[in-house]
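Here the chain labels run A, B and C in written order, and each chain numbers its own residues starting at 1.
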Amino acid sequence: MLTFKLAFRNLFRNTRRTILTSVLISASLIVLILVDGLMLGMTNVMIGGITHTLEGEAQVVRKGFRNNFEVEYTIDDPTSVINQIENSKAVEGYGPRVIIGGMIASSYNTTGSLVYGVDAQQELRVSRISEAVIEGRYLSGGSREILIGKPMADLLEVKLGDRLIITAATVDTNEITQELFRLSGIFEFGPEEMDKNLVFINLDKAQSVLGMKGNLHQIAVRFIDPEDAKNPELPLFKQLTNEENEALGWLNLQPSIGAMIEMSSYATAIVGTILFLLTSLGVINSMFMSIYERIYEFGVAKAIGTTPWQIIQLVLFEALLLALISCAFGLTLGYLLGDYFSINGIPMGKMEVSGVLLDGNLYTQLALYQFVNFPIYVTLLTLAAAIYPATFASRIVPTEALQRAL
Amino acid sequence: MFRLLLLLSLTCPAIASEERAREIIDEMEQLYRGDSSDATMTMQVQTPNYNRTLTMTAQSFGKDYGFFRIQAPKKDRGIATLKRDEEMWNYFPKINKVIKVPPSMMMGSWMGSDFTNDDLVKETQLIDAYALALIETEDEYKVTLTPREQTVTVWDRIEYTISKDPLLPLSQAFFDDDGEKIRELTFHEPKEYYGKLMPSILEMRPLNKEGHLTRIMYDDIKFNVPEITKDTFSLRNLKSRF
Amino acid sequence: MLTFQIAFRNILRQKRRSLLTGLSMTGGYMLFVLGYSILEGSYGNAIDIFTLDNTGHIQIHQDDYLDRPKIYKTIQNRDQVELALTDDPDVQSFTPRVFSPALAYAGDRTAPSRLVGIDADLEPTVSRLLQKVSKGTYFSSLPNTDGYYEAMIGRGLHITLKLEVGDEIVLISSGGDGSIANDIFVVSAIIGNKTSFDRMAVYLPLAAAQEFLSLGNDVHEYVLLVNNKDHNEKIANELSAQLPELTVSPWQKVEATFYRTMQADRQGNYFTMGLIIFIVFIGVLNTVLMSVLERTREFGVLRAIGSRPMQLVRLISLETFIMAFISVTVGLLLILPIIYWSAEVGFLLPEPIDMGGIKFQHLKGEMSARIFWIPMAFILATAVLISIPPGFRAARILPKEAMGSH
């Protein structure tokens, strides 16, 4: 095709300029991929932190329980609920829990706490409690086992093996009950509110001490596909939500997180727009320069009968070619960099935030749409940026152009 | 056969001494209670931040029923505590309310002192909940109480020292899991009340906090008071001012 | 200066080229500034959410009250403190507070609560408490007609204790002198929503709280707002020197977890900023390089008529600098009102974000000196630096070759 050959030749007549412009375009693509990858990575860390640490991707609770955490609000018909969860193909794991406020006392001190009775084995597939244990051992079903956070251990001045008493009110008769435990593990999740206040004991022990007769306050669920948690129409949610109970994904459980993620993607969109505008300017500049210096040629072309439309086609084709070459380059480099950063983290130095909730480095995450949609955007952008220069070129008056010597 | 006899002879004194320990402790517990009691006392609480002196009246019936009512200072006059079995209630005259002591307050201090609400509820369980071992010296009995498997307590052991003659408590020391003495209750100045000799001053000293001391001084105490029965310890009586 | 005049005339001679180059740099500058403003602004937003809600910019306590609150750790020399704060020109406003855990009772229901004694008049100058009143009215510091002091309760207490405006609430706590504090208050307002940090709080007028807790005239905390929150830590240090017996903590210490998380998040944003800078750099590189290299023939002519190499280099750098300066200045004038708008009003988010009872719907940018002069310095420096090497190359080329090029 003549146009193709012409466009190709025109581009490489001024290789330097072509390369410079191409660098600009591919840089934009790379930056887009990396920024998006970073946002994705950060979002996932945040979501993962919240849903996988303790809360779960979804929960089943009694309606009203989330209002005030009152202990009478136990899940209705827990056996049936658990059956349905076990039979669901979407579920990776679930953790049945009892949650109650109580006082915890040592020989030294006493403080308030939120006591979680959990099934040690089941929790492994839903939450990261076991990963948070820094001293001693994770729960294994022993009746006097208890896990407390490091700040709480410091406040109570206890070490592994020491006595701890939990005082609470029974669920069935509202009488005061006390139980003895021996500190079996100390954990550190990271956030103070968790480490200062949470206490973990075995589920059956909690149920017996609190007179719960097999009842539960909460079932945390993790799905095989994390996207399921965001889907309010998920069959499992519909099945389990009735007059008594509700089954909710984390978006509903923690709406403020959803809002923050939206704000974050909004900011990314703005940054993306900025990048595009910067790039367009560069492309327009470059195309104009190239047309400008070929004004004589264009004048000749028009003089010998090339139609304006043909000239537009030519310029646009040049732009298209430029875009395609740049995208090829940008995709390759973008993939390499994105992949590298997804494994090694971005080079901004380590942070002191440790613990299970927030990882040390920030990682990018690659996604297919980054490599399909973005190049398309960039190509279209380049074409759009070339429209003005193209129309300008098509309108060149041959007589004026032929007079220009420079 | 011979070995069996040897074994038996070795354990018998232990069994005998456990029983003796039980008797001694039982007597000590009875000392302040009788079948029923009616007392007036002064409680001094010293901390690095404040000193407080309360006078109050206290009645008891058996091990499970108790009343405490503050007489002075004027600001707190009429505040009362009722204990029945393992439950406790407080009454506040200023707002005319009876409040059942919830779990969150159980481990908290009673009336601002170094005794906890829990202490008041649990004080009578020493014999049942602990295993006892007795050591005799020339002047004293030392009973070491170790909590049983099921006993819910923060203490790894309690050492109860009792003088032989007169048979009066000298001290209770509370130890944590490391064997460190965390607090100590000491008994002083025996006096005679209606023919009964007993220490008139009790001091509870937490050893892990500096400058804290609670001293209870018995001004008067009567035993086996006929007007006091189980029914005296009712919520309605909690509210009335006597 | 002749060079200056020549430089200027050169710029004006090639209007289109100069315009394009200029536009590129103006656009790059404006977008750089906008991106910078938004990225920094998002943190300003987040910090404001925290600090203006309750924490304030700086807090003053006795000893280690912040880490281990005990009722007897009080600030006693109030006159001295308040004098220091009033006299300090950096302090915008301050208010005292008193705290204690308390048991709240209504009917036969009980819940643990947090008693907060506040100065009814000063508190709204430091926090958003007034705007968080969702039912009822903000209380007055005087007892009502029946002789009861009024209390404002958090929504959690409203739900758990089923308390409405006008109901009585009983509070039991420990006084600073060891006595048992007990009293009745009347609910005048309900504060915030279910997720507010103070959902279990009971706000009382300061004098009522002090009397209730037998604290005399002492308080636990002073919270202050400063005029320039960027100097927060410096101001805190200065105050600390003035009040040596007390502990002065900037919000970075009070909300340490949030601060660390924010810093971590910031790393991600620096990376994004770095990428924007990279794109701007490539854009400037592109335009400046092209415009210098395209004029090789022109420079050849100049050399042929006797200009010395260094003169040429100086000329080129000066031209570039003037261009850049004009572009950036134009950009500054154009972007200034936009940044001002974004800082005052902000970008409207598609959905409001709810943070514990306070709704935000605007993404605000930051308005400060650094977001204007840093991009300016960068572009000016980059432009001039980039123009030098090709300038040298152009200066050294033999006139004959130069004029032969196109």
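We adopt the following convention: a contact is a pair of C-beta atoms (placed from the backbone, for glycine too) under 8 Å apart; a residue touches a chain by one contact, two chains touch by 3 or more.
Everything numeric here is computed off the predicted structure, so don't read it as measured data.
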| item | value |
| --- | --- |
| Centroid comparison with chain A (C-alpha atoms), farthest chain | B |
| A-C or A-B - the one linked by more C-beta pairs in contact | A-C |
| Whole-Å gap separating chain A and chain B, where each centre is the average of the chain's CA atoms | 59 |
| Whole-Å gap between the CA centroids of chain A and chain C | 25 |
| Per-residue overlap in chain C, given as positions that touch at least 2 other chains | 112 |
| Chain A residues counted as touching two or more neighbouring chains | 101, 112 |
| Contacts with two or more other chains, residues of chain B listed in rising order | 102, 104, 108 |
| Residues of chain A touching chain C in the complex | 16-17, 20-21, 23-24, 27-28, 31, 34-35, 38, 42, 67-68, 70, 101, 112, 191-193, 255-256, 259-260, 262-263, 266-267, 270-271, 274-275, 277-279, 281-282, 284-286, 288-289, 292-293, 346, 348-349, 351-353, 358, 362, 406 |
| Partner chain B, residues of chain C touching it in the complex | 72, 103, 105, 110, 112, 170, 172, 174-180, 182-184 |
| Touching residues (chain side chain B, partner chain C) in the complex | 45, 47, 49-50, 52, 75-76, 79, 90, 92, 94-95, 97, 99, 102, 104-105, 108-109, 111-113 |
| Footprint of chain B on chain A - complex, ascending | 101-103, 105-108, 110, 112, 157-158, 161-165, 167-169, 175-180 |
| Chain C residues touching chain A - in the complex, by the definition given at the top | 16-17, 20-21, 23-24, 27-28, 31, 34-35, 38-39, 42, 112, 156, 159-160, 194-195, 256-257, 260-261, 263-265, 267-268, 270-272, 275-276, 278-280, 282-283, 285-287, 289-291, 293-294, 297-298, 347, 349-355, 363, 406 |
